[in-house]
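Order as written gives the chain letters A, B, C, D, E, F, G and H; numbering starts at 1 within each chain.
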Amino acid sequence: MELVINGDKLEVPNTVETVSNLLQHFELEQKVVIVEWNETILEKGSHQETRLCDGDKVELVHFVGGG
Amino acid sequence: MELVINGDKLEVPNTVETVSNLLQHFELEQKVVIVEWNETILEKGSHQETRLCDGDKVELVHFVGGG
Amino acid sequence: MELVINGDKLEVPNTVETVSNLLQHFELEQKVVIVEWNETILEKGSHQETRLCDGDKVELVHFVGGG
Amino acid sequence: MELVINGDKLEVPNTVETVSNLLQHFELEQKVVIVEWNETILEKGSHQETRLCDGDKVELVHFVGGG
Amino acid sequence: MLKIGSYEFKSRLLLGTGKYPNFDVQKEAVEVSEAEILTFSVRRMNIFEPSQPNFLEKLDVKKYILLPNTAGAKTAEEAVRIAKLAKASGLCDMVKVEVIGCQKTLLPDPVETLKASEELLKEGFTVLPYTSDDVLLAKRLEDLGCHAIMPGASPIGSGQGIVNPLNLSFIIEQANVPVIVDAGVGTPSDAAIAMELGADGVLLNTAVSGANDPVKMAKAMKLAIEAGRLGFEAGRIPKKRYATASSPMEGMSVS
Amino acid sequence: MLKIGSYEFKSRLLLGTGKYPNFDVQKEAVEVSEAEILTFSVRRMNIFEPSQPNFLEKLDVKKYILLPNTAGAKTAEEAVRIAKLAKASGLCDMVKVEVIGCQKTLLPDPVETLKASEELLKEGFTVLPYTSDDVLLAKRLEDLGCHAIMPGASPIGSGQGIVNPLNLSFIIEQANVPVIVDAGVGTPSDAAIAMELGADGVLLNTAVSGANDPVKMAKAMKLAIEAGRLGFEAGRIPKKRYATASSPMEGMSVS
Amino acid sequence: MLKIGSYEFKSRLLLGTGKYPNFDVQKEAVEVSEAEILTFSVRRMNIFEPSQPNFLEKLDVKKYILLPNTAGAKTAEEAVRIAKLAKASGLCDMVKVEVIGCQKTLLPDPVETLKASEELLKEGFTVLPYTSDDVLLAKRLEDLGCHAIMPGASPIGSGQGIVNPLNLSFIIEQANVPVIVDAGVGTPSDAAIAMELGADGVLLNTAVSGANDPVKMAKAMKLAIEAGRLGFEAGRIPKKRYATASSPMEGMSVS
Amino acid sequence: MLKIGSYEFKSRLLLGTGKYPNFDVQKEAVEVSEAEILTFSVRRMNIFEPSQPNFLEKLDVKKYILLPNTAGAKTAEEAVRIAKLAKASGLCDMVKVEVIGCQKTLLPDPVETLKASEELLKEGFTVLPYTSDDVLLAKRLEDLGCHAIMPGASPIGSGQGIVNPLNLSFIIEQANVPVIVDAGVGTPSDAAIAMELGADGVLLNTAVSGANDPVKMAKAMKLAIEAGRLGFEAGRIPKKRYATASSPMEGMSVS
């Protein structure tokens, strides 16, 4: 399945069916990461149930140093 | 006829039929004076033709020192 | 005996024979007090042996608040 | 004859007998120039009569731009 | 030349007409200042004293451009009405937009100032808004199409001078229309500093009308603004922490 | 009128003659400045280039009062010698006492300055010492009989302007002879500030000679000093924390 | 106690987390500063380096209140999105609204800042807008319901300190919510001045992270902010033009 | 560590003892300040009220170094006498040379200050002269052998703070002995600025004793001086005209 992640097209294995799977896939499940899925910002709770489809737009953002 | 001039009720003689008459009545015809008649700002040219009715609201304003 | 103390003429009893006596007389022996005797500044040690004569000029000064 | 002019030893022809001659020699007679001769500052008037001897120290100074 | 909208001016001093000790002093101060733009306010007449003198009557109006302000307005709506009243006099089409948001500091309200300026530009006025020294607000006023930007140097009549030269210089740098420093000037040097920052002009009133000798101060301000402008054009020396000799440094010989 | 010793001047600008790009620019700058007093330094001639031009020759010396400085002196003795050399030219009897104590800041040495001034006063010179803004030092120089006091605004040629207006105003308050602010001026507004403090004059050099356009800056300085003086005489408005309306505060009626 | 919305803080220093030489120095600086509020930015992850360390992981997040900023936003819409992303982390509900209108000065856009603040207040955020020192703009932000106002002292990272103490004091006087001076602080004395003006807190980043010794500067800022606050509460002596003796003035007798 | 002559101090705050509301407040302020050096004046006793309390008696004198001043002296001779009287108490061998030349500004007389310092150094005192910020005068005092230089920030008790940071920094740069900024400090930030300039200490009195809450202000001054010193050691960021982002500048993607 192909997703657009942070602006880049990326092929992910079919085992990646949900946002949770996606975070596991990138080994981000332990990190503070915020997910925007097709322009909808997801609460942590909904990662599990959010199913990904081919062509979905996903933004993965986090906190960085800033003033 | 009674007019409201600059917020005050004022009785003016019946000879005062137009805005021009009003300015003459107050000896203002030689002065720089701007007339607002019932919330309509009048160009100089229309003073003559603007007929006053009982209860009309008239504002007579001018330039004063300011910064 | 008459002394000039801090600019004022003062009569002191004849029992006042030394600078030490003078300090005792004014109950200053426990205080931080510096003595200038006839324009000579006295070390603490010499209060005892410094004998006063009629007309001697004595300045008694101390520390006060200052910046 | 050898003179020390502005710190440098200089040979001048024997025709140079006075300070005036010296200024002529260097074509300075039309200039604003001040002469110090053996540590004595000379008034303009005395240039003529001041005779130079071998080894004399002469300073020739003038006005330059300054603030 | 100072160009505002379709107007051109030799003088870079804009003079207010408020609070002079009397008309004769004011008349002389105005003349001495060589100002070409005079500000006025618009107020109700006292119709029962028509003989009451008015400064405007003392002036050869043809010699000056009148710049009415909207002082007294607390909202864009009030400001627009005052501007229209002024224009109806047939004497002017310029307006100083002044919408005050605080009676203690007499500082302008940014939102109402933007609104009033936009409306008056639509109506075809030549619009000079009095604004704070907020740099982005000045940008937005320029983007609306304002014909000049008039940031305050410090509160009106306070005489505190140029409190924030940094913001003024940012506004001047970014501007493509004239920047006229308005309000707060107290001394000739204040006016000169504004001009040295690159301002295109200075608008002042109390500094002259409130001086012990308004006529002399009017002259002083005229000269200071010329001096500041020339200084800006002449290009100042850089500031250095240490000294640089103006006289040749090699010492005199000690014989 | 500025009176120094037996001299009287219409201009309150004293101009230095160092470091101009060329003699023509300098000549024009001097004329435009309308300065009546010009400072010079005294140095050894280069006797091997008599044809070497000298600015003095370009000037109608009768039109100006020459104020030689003792720059280069590190001691009173050196300063006195330089002053005497200058006087021997027969062109001047005024001297700017300048005894530098630090080559980095070019700030004056108080003790040597006092000594040199005292000696030169004995010798009958008209003495104008360049001094720091030490208030009591200025007092002592005046008590010696100096004909004017010239406190620095900031280091020579630094263009930092008036670093300590407080001390300058104390010196001006206490002085019974002219106080001429010397050194550090960078901009017209700096010069105006000095005059607004009540100074009797300003001496500057680098601010003009080092400007991108020295002639234009000379004009600017002339105007700024006049503006500052007029402003001082006119009496500025008091500084206030809050605003004071210049326009009548009663708002327009909202119909 | 500093109260912002429903939060209470002992410390009045808000510390940014950008641009430290390394995480260890940063961690120590944060601890030494005793700050309770830390600002962060929100950015895309680099998903190909999950192992890439992140400062947040080094912190005991329970000990701090996170204040994400909306840096990077040029419009209210972008700012609102960034704020919502930050909140979706479940770690914070406070936001520093930062909508930059100029990339050179990094000064905030007043109109977009008002819009973003209004929207985020509707969404239930605790809103702290970074704003200019425009007094009426601060008033409008407070009237919207902002939980604190954060006027800049000078441009972000410029280290110019408190350029306009007058406007800051006006903002502080009028405010009924905390005023936190944000941006431009360079030195401990800058921070102390802000607090002496009556500010409720200071937000700074570069002054610490960019110092030669960030840990030492963090300590210095902590102390300076406490000192400034105490000084404000203690009530300073009035400024006087002349001196007032601290020692008894009657001189010693000259024998 | 602050080293003056043979003494070493942890605290960089020197506190005056004049004009406190009462001894209890003073005692607490002194303790809170953690000052190790206290200044005093020397005056005639009132021998007819021996019971009259004296602050010194309230102190554990062993815990403090006493620094008597020569306030009241108008000449070197008077200053030397006062210093000798103080030393004869057996409590101290340090002295603050203070020879006032003007009763209005309480500024020091440079010539008498030099003379008194020279004489007292001969007599074996540890000499700390109160001086103006004249850079070369400070140099001469150091060359005499003074153990510290104490330039004023502004007139005694005026609370005007650091009027001339430039001269102070020149004095600090050139000095090989401690420089203690004395007089004029009004606020904690004033004290911090002095320390950030690189001063070795600050001497103040009225700023604390004249505050509404002297104890709180004493604490504030202690913290401010520590903050300023740390800031000086930590190395401030450079001042920049424009901004430098503390947050990463690449914006968020606008989806």
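Convention: contacts are C-beta pairs under 8 Å (C-beta built on N, C-alpha and C of every residue); 3 or more make two chains touch, one makes a residue touch a chain.
The shown structure was predicted, so the numbers you read here are calculated from the model rather than taken from an experiment.
> Check every other chain and keep only those touching both chain B and chain E; list them.
Chains touching both chain B and chain E: F.
> With chain centres defined as mean CA positions, report which chain is farthest from chain E.
Farthest from chain E by mean C-alpha position: C.
> If I rank D-F and E-F by number of C-beta contact pairs, which comes first?
Contact tally favours E-F.
> Which of these, B-F, A-H or D-F, gives back the B-E interface, meaning over half of its contact pairs coincide by residue number?
When the residue numbers line up for over half the pairs, the pair is D-F.
> Just the number, please: Cα centre separation of chain C and chain D in whole Å.
Distance between chain centres, rounded to whole Å: 72 Å.
> Go ahead and note the Å separation of the Cα centroids belonging to chain D and chain H.
Those two chain centres are 57 Å apart.
> So how far apart, in whole Å, are chain C and chain G when each is placed at the average of its C-alpha atoms?
So the centroids are 63 Å from each other.
> Mind pulling the chain H residues that touch 2 or more other chains?
16, 18-19, 41-44, 69, 71, 81, 105, 107, 155-157, 160, 166, 205-206, 241, 245-248, 252-253
> What positions in chain D touch 2 or more of the other chains?
Chain D, residues with two or more chain partners: 6-7, 36, 59, 61, 64-67.
> Sort out which chains touch which and give me every pair.
All touching pairs, sorted by chain label, are A-G, A-H, B-E, B-F, C-G, C-H, D-E, D-F, E-F, E-G, F-H, G-H.
> Can you tell me which positions in chain H touch chain A when the two form their complex?
Answer in residue numbers: 245-248, 252-253, 255.
> Would you pull the chain A residues touching chain H in the complex into a rising list?
Residue positions touching the partner: 6-7, 36, 39, 57, 59, 61, 64-67.
> Looking at the complex, which residues from chain F come into contact with chain H?
So the residues of chain F in touch with chain H come to 101-102, 105, 107-111, 114, 132, 134-137, 139-140, 154, 160, 163-164, 166-167, 170, 174.
> Applying the document's contact rule, which stretches of chain H touch chain C when the two form their complex?
Listed in rising order, the residues of chain H that touch chain C are 16-20, 26, 39-45, 47, 50-51, 54-57, 66, 68-69, 71, 81, 84-86, 88-91, 156-157, 183, 203-206.
> Applying the document's contact rule, which stretches of chain H touch chain G when the two form their complex?
Residues 16, 18-19, 41-44, 69, 71-74, 78, 81-82, 98, 103-107, 155-160, 186-189, 192-193, 196, 205-207, 209-214, 216-217, 219-224, 226-228, 230-231, 233-254 of chain H touch chain G in their complex.
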